[in-house]
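There are two complexes below, and they share subunit A, which is joined by subunit B in the first and by subunit C in the second.
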Partner chain A sequence: MSSRRKVLLMGKSGSGKTSMRSIIFANYIARDCSRLGPTIEVEHAHVRFLGNLVLHLWDCGGQESFMENFLVSQKDQIFKNVQVLIYVFDVESREFEKDLRYYQSCLEALLQNSPKAQVFCLIHKMDLIEEDHREETFKKREADVLRYSELAARPHQVERENAVCQCFKSSIWDETLYKAWSTIVYKLVPNVGIMEEKLKKFAAILDADEIILFERATFLVIAHAETREHKDSHRFEKVSNIIKQFKLSCRCHFELESMHVKNSSFSAFIDTFTANTFIMVVLRDGNASVAATQLNIKLARPHFEKLE
Partner chain B sequence: MSDNSDVEVEDEEEYKYGLQDDSEPQDTRPTVVLMGQKRSGKTSIRKVVFQKMSPNETMFVESTARITKDTVCSSFINFETIEFPGQMCPFDHTLDPVNTFKKCGALLFIIDAQDDYTDAIRKMADYFAKAYRINSKIKFEVFVHKADGLTEENRVETKFEVYHAVKEELKELGIKDLQVTYHLTSIYDHSIFEAFSKVVQNLVRQLPTLERLLDIFNQGSNVTKSFLFDISSKIYVATDSLPVEMSIYELCCDMIDVTLDISSIYGSGEYGIPFDEHSAAVIKLKKTESWSFYSAKSIDSWHSSRLCAVRTSKSRDISNTTSPVSRRASKKYST
Partner chain C sequence: MLKQKALIQVLEQANTNEVTSAILFNKEGLLLGQSGEEVSPTWISSIWACFDRRDLNESIIVMDEGIIGIAPVANMLLALKASKKAEIGMVRAKLRAMAKYLEGPISMIERDV
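Then we have the complex of A and B:
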């Protein structure tokens, strides 16, 4: 049985909603996004994710006239039955206050119509900020967003402390976009818990440092299990980004099947796993037997196929 | 005639150079001179090719104020790049042009294809002529740069225009037998690496031998194409005698990127070097007729690496044979 999730994508005009949607779900590369035109009213996209999960993306045009419409005449239609709202802020926006007020209105409308929806905010286009100031700017913007979220949530007496789940900084030019979307998607996939449980067992059997499960088309991280601490907490989205770039660059001629990268201190296997996933197994031993590991991956496949 | 005596001296030096093969003193390493107008992209090219800067970041690169020298050194590649800022004339007496261009192996002139290049071409012809008079063995290369901004037809046209303009200018200066090679380049795709590879290959003395060895290796192990890469710069030092398909070279570059990126996440040890003597990667790709691509990679030093592509339908049988063979082969090269 397939389950549908309604995902609203909102934000000021030109903040990058369609760009990020195209990169994650439609295999665009960052450079191509400059060709995208503004979205008129609402663009609907159905994305099949992990086989039976269908994301119904509502990419809402951000021009003011559309926004007014959404908030007044189309209010019910837009904000009913929403599972997730993703609100995109342009970090360099000159009218951030105004953006925030629109955000507040949207959030109020959302909480009225679908009080259970989860809200994620992306502070986008972070690449335009100099690297030294990124964290600082993000913190400032995040505080603003949280303040307005609270304002919106107060009259509705929501049980949650804050209407917004999480703020992310993102940029289409680096891996932060994958981080944000992986976290969002993680909340949408059913039985992630069981999958992680199984992955942990599998990791223990293989004596692997780490196992990561990726969605096949988007290469977003669905689940992961680690048996040893790794110093780099951003590695998942980095790997997503690396492999996705590689997949895209060789897409016109070939399709990736599997990959084995090693040196003396590690050995990493990336392989097609179930019909909807790729798996990555990282072993500490650089001399790990290739055939044995690949066989193990193959044998684990049916167990995970049952889960989907 | 002063010109004549110059040439003779040059010949003698070249001879010495060949003899001192093993104990090569530091200052005989050939140089690659980069020249071009202001803002034509010289520094960006250097940063992208040799320092792994991502092309988007080059927008923030500041203009170079003084002559910048850099050494590129690995097992087969060993040269120095010298970049002259656009506003500076490299043939100014204070800069000792004779010495600079005596050592020069290749002279790159970068032309901004998106700009008006008539001035640039005049300047270039002048520089080429001067350099040619100092050292006639220099390889002259023109990078018609920033080609990413042009349409497909425009690119070819621009290259053609530049070619003719340069020819005219050189004719006016009275120089006839000066060979110039033209490359269309952009830092946003692989063309800059390809062009630089061609430039560097001219400086590698072992090139014919390497080519032969790669041919032998291909025959012996059922490999259809193999490259010898400098891992850090993605320059290919040599390949077998078969023609190079651009798409395959691009694929190889991407494979190197993936390998390095993953290695730097999981494999960088205490020193932070993602590459060591056990580094290897096998990447399998499928196509409708189950073509497979292999990059069996093993290194003869930390920098160079072999990469070979096997196209076959029986991928599984070969996977076990290629790696040991290639390792053996690369040992042969390193000695």
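Then we have the complex of A and C:
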């Protein structure tokens, strides 16, 4: 059974909504994004994610005249039946107060029309801030966003748990974009819990340090299981980013099927898994048998295909 | 599923009486597990492919430097390598015992693939 999710992508003009959509779902690389023009009114995109989960992305143009329209004459059309609102802020915006007021109006309209929707805010273009100030600036912006979320949500508090939304910092030039989107997508995928249970069992059988499941088209992380703690908490996004860059740099029409990286202390396998996923298995043993691991991945496949 | 550690523990049991290594590999020559000193599964599988007929149950190759015994296990191959001091009968007996022991579990795994 296919399930549709209406995802609104909103934010001020030039904040980078279309750029990030193109990178995540349309295989753009970051520097191609300079070619994108401004979005007029609403661009619709259907993205098949994990086979039967269809994300219906409404990329809403951010120019003020459009925004006014969305909030007044097209209010019902835009804000009805929304599952997710992703609101993008430009961290360098000179009129942050104004952006926040627009955000508040959007959130109010959303809460009236789709009270169950989840809201995520991205503080985008973080790469423009000097590295030492990034955390501080983000914290400040986040506090502002949360304050305005509260303002918008207060009258509706009764039926709403996630009135105060989640904030992410992001930039199209590093892995933070993947981090943000992975977290968002994670909340949209049904039975992630069961998948993680199964991955854990699989990891125990293989004696693997870590197993990660990626969505095939976007290479976003869906689920993972680790048996040994790893100190780098950004590793998933880094892998997503690296593999995607690699696939794009190949510039060929062949599909990536499998990959094996090893040195004396570990071996990692990336393999096609179910129709919609890739799996990555990390083993501590550098001499682990390729054939045996691939055999086991093949054996695990049917168990995960049943879940989708 | 195939637990590599368990497989290696089983294979290690063959390494006595001048038998120096035991390996399990598939017909493409890709290693699934090995115990003892390193042996190239690639050339053993190509030797097997040269002689392979449906009714070939085992082959023992005696060379100047040592002995190699090969036997099929389900759709895979088991090979034992022994030094030149080893008794051929002993190598053969070990090969048969090990192949028989692995036959059940390995064919079960292959059935599910």
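Going forward, the second predicted complex is superposed on the first by the 298 of 308 C-alpha atoms of A that agree within 3 Å, B and C clash if a C-alpha of one lies under 4 Å from a C-alpha of the other, contacts with A are read in each partner's own complex, and residues count from 1 in each chain.
The definition used in the following text is that a contact is a pair of C-beta atoms (placed from the backbone, for glycine too) under 8 Å apart; a residue touches a chain by one contact, two chains touch by 3 or more.
In this text, all values refer to a predicted model and were calculated from it rather than measured experimentally.
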Subunit B versus subunit C on the shared subunit A, clash or fit? fit
Touching A:207 in the superposition: subunit B (first), subunit C (second), both, neither? second
Please work out whether A:243 is in contact with subunit B alone, subunit C alone, both, or neither, and reply first, second, both or neither. first
Thinking of the overlay built on chain A, is A:288 touched by subunit B (first), by subunit C (second), by both, or by neither? second
Residues of subunit A touched, compared between subunit B and subunit C (which is higher): B
Of the two partner chains, subunit B (first) and subunit C (second), which one does A:296 touch, if any: first, second, both, or neither? second
Look at the superposition and give the distance in whole angstrom between the closest pair of CA atoms, one from subunit B and one from subunit C. 5
What part of subunit A is shared between its subunit B contacts and its subunit C contacts? 290
Can you tell me which positions in subunit B touch subunit A when the two form their complex? 56, 188, 247, 250-251, 254-255, 257-259, 261-263, 265-267, 269, 274-287, 291-293
Residue ranges of subunit C in contact with subunit A within the complex: 1-5, 7, 25-26, 28, 30-33, 109, 112-113
Per the touch rule, the subunit A residues reaching subunit B in their complex are 31, 127, 173, 209, 230, 232, 235, 238-239, 242-243, 245-246, 249-250, 252-266, 268, 282, 286-287, 290
How about subunit A: which of its residues touch subunit C in the complex? 205-207, 285, 288-292, 295-296, 298-300
